[in-house]
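The structures come next, written out as structure tokens.
Shared chain: chain A. Partners: chain B in the first complex, chain C in the second.
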Partner chain A sequence: MVKEIERHGFPVVHMCTVVPISLTVGANRIVPTVAIPHPLGNPAMEPADEKELRRKLVKKALKALTTEVDGQTVFGD
Partner chain B sequence: MSKARVVHYINQFYAGIGGEEKADTPPEKRDGTVGPGMAFQTALKDVADIVGTVICGDSYFNEHLEESSAKVLEYIKSYDPQIVIVGPGFNAGRYGMACGTVAQLVDENLHIPVVGGLYPENPGCEMYKRYGYFVEVGNSATSMRTAVPAMAAIVKKLAAGEEVTEGFMEKGLRKNYFAEKRGSRRAVDMLLKKIAGEEFVTEYPMPVFDRVDPQPAIKDITKARIALVSSGGPVPKGNPDHIESSSASKFGKYSLVDIDDFTPENGETAHGGYDPVYANLDLDRVLPVDVIKEMLKAGEIGSLHDYWYATVGNGTSVANAKAFATQIAEDLIADHVNGVILTST
Partner chain C sequence: MRLELGDILIKDVQFGAKTEVKDGVLFVDKDALAKIAGDDERIKSVEVFLARPGESVRIIPVKDVVEPRVKVEGPGGLFPGFIAGVEQVGSGRTNVLKGAAVVTTGKIVGFQEGIIDMSGPGAQYTPFSKTCNVVVKVEPIDTLKQHEHEVVVRLAGFRAATYLGEAGRDVKPDAVRAFETKPLLEQAKQYPDLPKVVYAYMLQTQGLLHNTYFYGVDVRQIVPTFMYPTEVMDGAITSGNCVSACDKNPTYVHQNSPVIEDLYTEHGKTINFLGCVVTNENVTLADKERSSNMTAKLVEFLGADAAIISEEGFGNPDADLVMNCNKIEKKGIKTTLITDEYAGQDGGSQSLADSTPLGDACVTAGNANEVITLPVMKTVLGYPEVANVIAGGWDGSLAADGSITAEIQVITGATNELGFNYLTAKTI
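On to the complex of A and B.
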């Protein structure tokens, strides 16, 4: 889906935990996330900290959308 | 002839440990057969013995790749096998990736053959089929009855020291042989046939890379219109469109206008491929609506597309996913969206 949406002309950032799958399906901008059942959260954290973690990940995703890339790029730490 | 020693790799589900709630089970080993290993043992009869089974939860394996790889390899090695069976993983994404990774580990470190079974659309297939004899199997466990004999047939040949030439998906590896005519002659023959409009068979089929070039970056994010899409199944409470928990036939389009934060009352996941507990308590963990709404108010993004799009990427066919994406993209074009955040579980 990432690839097919991007084909229509928008940059797409894929936020996912299993990065090798994202690379296989052809995502160009990839932000690795926390865990499969809770990519954008961590139930072990305090709610405020968890939200802060999510905010950081979303900021990273927006950063990825504003970054020119030549090919598949993983936006790690 | 002594029997070949076989080790079998399976996930927590086939080991009978549990479903998604146990997908975080770390690697373990058990002597002899477990779960589908019994069917393999019956099929292999007096040719091979499944001496041990190595088990790992699908989420655990993928989330702790290095650690689980080392542990699984150590457990497999401890049984001193001559052949390793993985899966079959059907169309289970994480299981397929685990089966493929195990095949690569065994191939590169133990240099013994691996036999597996995957559905061709499983992401583990394209990435790892070169590391083992992967039989094409159906997309769900209902095809176990045909998968076991097909995989066992290859194990039998390997155990007998015979060459395996068919019954598995092309590995994409080159094999040297002596041809009667030299290369230049063969190439000219092919060219002449092509000119004459006759059929010819290439010796080097070009791989098909279906890639999409990255779109240009957004220049100013504070002016950009952003849309949220997810294959993790985030839907309004009650799943109004009845999106299937696996092999989804549709996607949903839901208004974000009245939602600033997901709670157990307004959102849930329709995805059947992971433990839904965390997503059902707070769906922001799958689709970050709370944060994106705050960023919108703070002017960190220009605007937000009024709807989110959700489907379930669990065993969903590539053809369906492609069709959903096209419809979603047309919607986004109409609303002048500049960039998309797509989350997956």
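On to the complex of A and C.
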């Protein structure tokens, strides 16, 4: 899906846990996430802390979306 | 460590007044078995049925399959950490009711259980159509949560298998097989001219009813460790999952791992089998990186020239498989991988979620997405309507006449990644 949307000229950020798979399938902008059953959250955290975590991940993704890349790029911490 | 397996060949199973083995027939005291299997306050009821090869019987949903065994010499007992204490197992003598199996069923836990047909086309896809099955149907009390439900049924299966295994304690085995792996330095010296092989044994540990246990510990919580191959024959590894039943290892398959038995067959002839590295398939990238790093480190430390790596499950564990392969190969150690495929119903899609050019020796157990129609059976043990919700089925899989059309993913063991299955391919 990432590649098909990009093929039509839209930049895409792939938010995913298993970064190596994302690299293998050819995503260009990759934001690593928390865990496979809960990529954008963490049930072990307090609700307020978890909200902050989610906000950080979305902000990172938005930043990645507006960043020019030259080939596959992982937006780590 | 040396273990003898005394195979008591079971050719039939029948109900009887007493649980015993006589002339190759396992007689089962139905009430006594139900009482022992149901000895848990979280269980409401237990029913016991028999399902023999060739009968028009379907078991659905299947949770686990367990082989009845009993420790007759040496330390410890079967299923350490659950039934026996946590003594070291894998040495001495264990008697096996070869040909018999406990199959657990009951109300569905999640979406994950499998199907066993004792005859018809479905029977050709599951190894458990060939065993004389003692089917234990466990119904929990109404207030039980899903994860507890899984625990309750799993333990009931172990208790049932242990109870039946006791019937083999004083029976003279029809055949005795011996397996031995020495401490590392001695083992390396025993066959100095043969290539040294380590088996990297990947276990399903994604959580959410995908769990495997090692001496009672959730394997998700371990870092990779060494195991003498005979330990698994005494139930050191047990299953807590059957999500997409085709490629999860029921406890029976761990007890009878064809990878380990075949490596032993070649031990001293073409290879020197040093032992197993037990590892997991966790759900965070850091866990995957850590476990594959440690697996590669252990394989190297043990002095392997080559490693067999088997996967359990599919999807994100493909990434663990690829990491293990890459990291072991980069240490100059050859690998062969065992997996299965999810290549779509037409077989035309990419088979695995991840890939590597270093994985140039790979064995497949088949395409789990292939569609099959399972005809009506005279008897259904369990709940046929779950065919519409288990992984590999869809809304409408169960037809009005009772037949089931679904992917072979629904069949217990159909694409088993330890090779405990019947699918083969030939080049034309």
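A few notes on this one:
One rule holds in what follows: the second predicted complex is superposed on the first by the 77 of 77 C-alpha atoms of A that agree within 3 Å, B and C clash if a C-alpha of one lies under 4 Å from a C-alpha of the other, contacts with A are read in each partner's own complex, and residues count from 1 in each chain.
To be clear about the criterion, contacts are C-beta pairs under 8 Å (C-beta built on N, C-alpha and C of every residue); 3 or more make two chains touch, one makes a residue touch a chain.
Keep in mind that what you see is a predicted model, and the values were worked out from it rather than measured.
On the shared subunit chain A, the superposed partners chain B and chain C overlap sterically.
Look at A:Lys3: by the touch rule set out above, it reaches chain B but stays clear of chain C. In the superposition on chain A, A:Pro11 contacts chain B only, with no contact to chain C.
When the two complexes are overlaid on their common chain A, residue A:Lys51 makes contact with chain B while staying clear of chain C. Of the two partner chains placed by superposition, only chain C is touched by A:Pro32; chain B is not. Within the superposed three-chain arrangement, the count of touched residues of chain A is higher for B, of the candidates chain B and chain C. Touch criterion met: A:Asp70 reaches chain B, while chain C stays clear of it.
In the superposition on chain A, A:Thr24 makes contact with both chain B and chain C. Once the two complexes are overlaid on the shared chain, A:Pro43 sits against chain B while remaining clear of chain C.
The superposed model shows chain C running into chain B at a single listed stretch; among 39-47, 93-101, 147-155 or 417-425 it is 417-425. Within chain A, the residues touched by chain B in the first complex and by chain C in the second are 17-18, 20-21, 24, 35-37.
Against chain A, the residues of chain B that register as touching in their complex are 20, 23, 59, 62-63, 93-94, 97, 123, 126-127, 210-221, 224, 226, 229, 231-232, 274-279, 281-282, 284-288, 290-292, 294-295, 300-301, 311, 313, 321-322, 324-326, 328-330, 332-333, 337-345. By the touch criterion stated above, chain A contacts chain B in their complex at residues 1-18, 20-22, 24-26, 28-29, 33, 35-41, 43, 51, 54-55, 57-59, 61-62, 65-71, 73. Across the complex, chain A is touched by residues 206-208, 283-285, 288, 316, 318-319, 322-323, 353-355 of chain C. Contacts from chain A toward chain C in the complex involve residues 17-21, 24, 32, 34-37.
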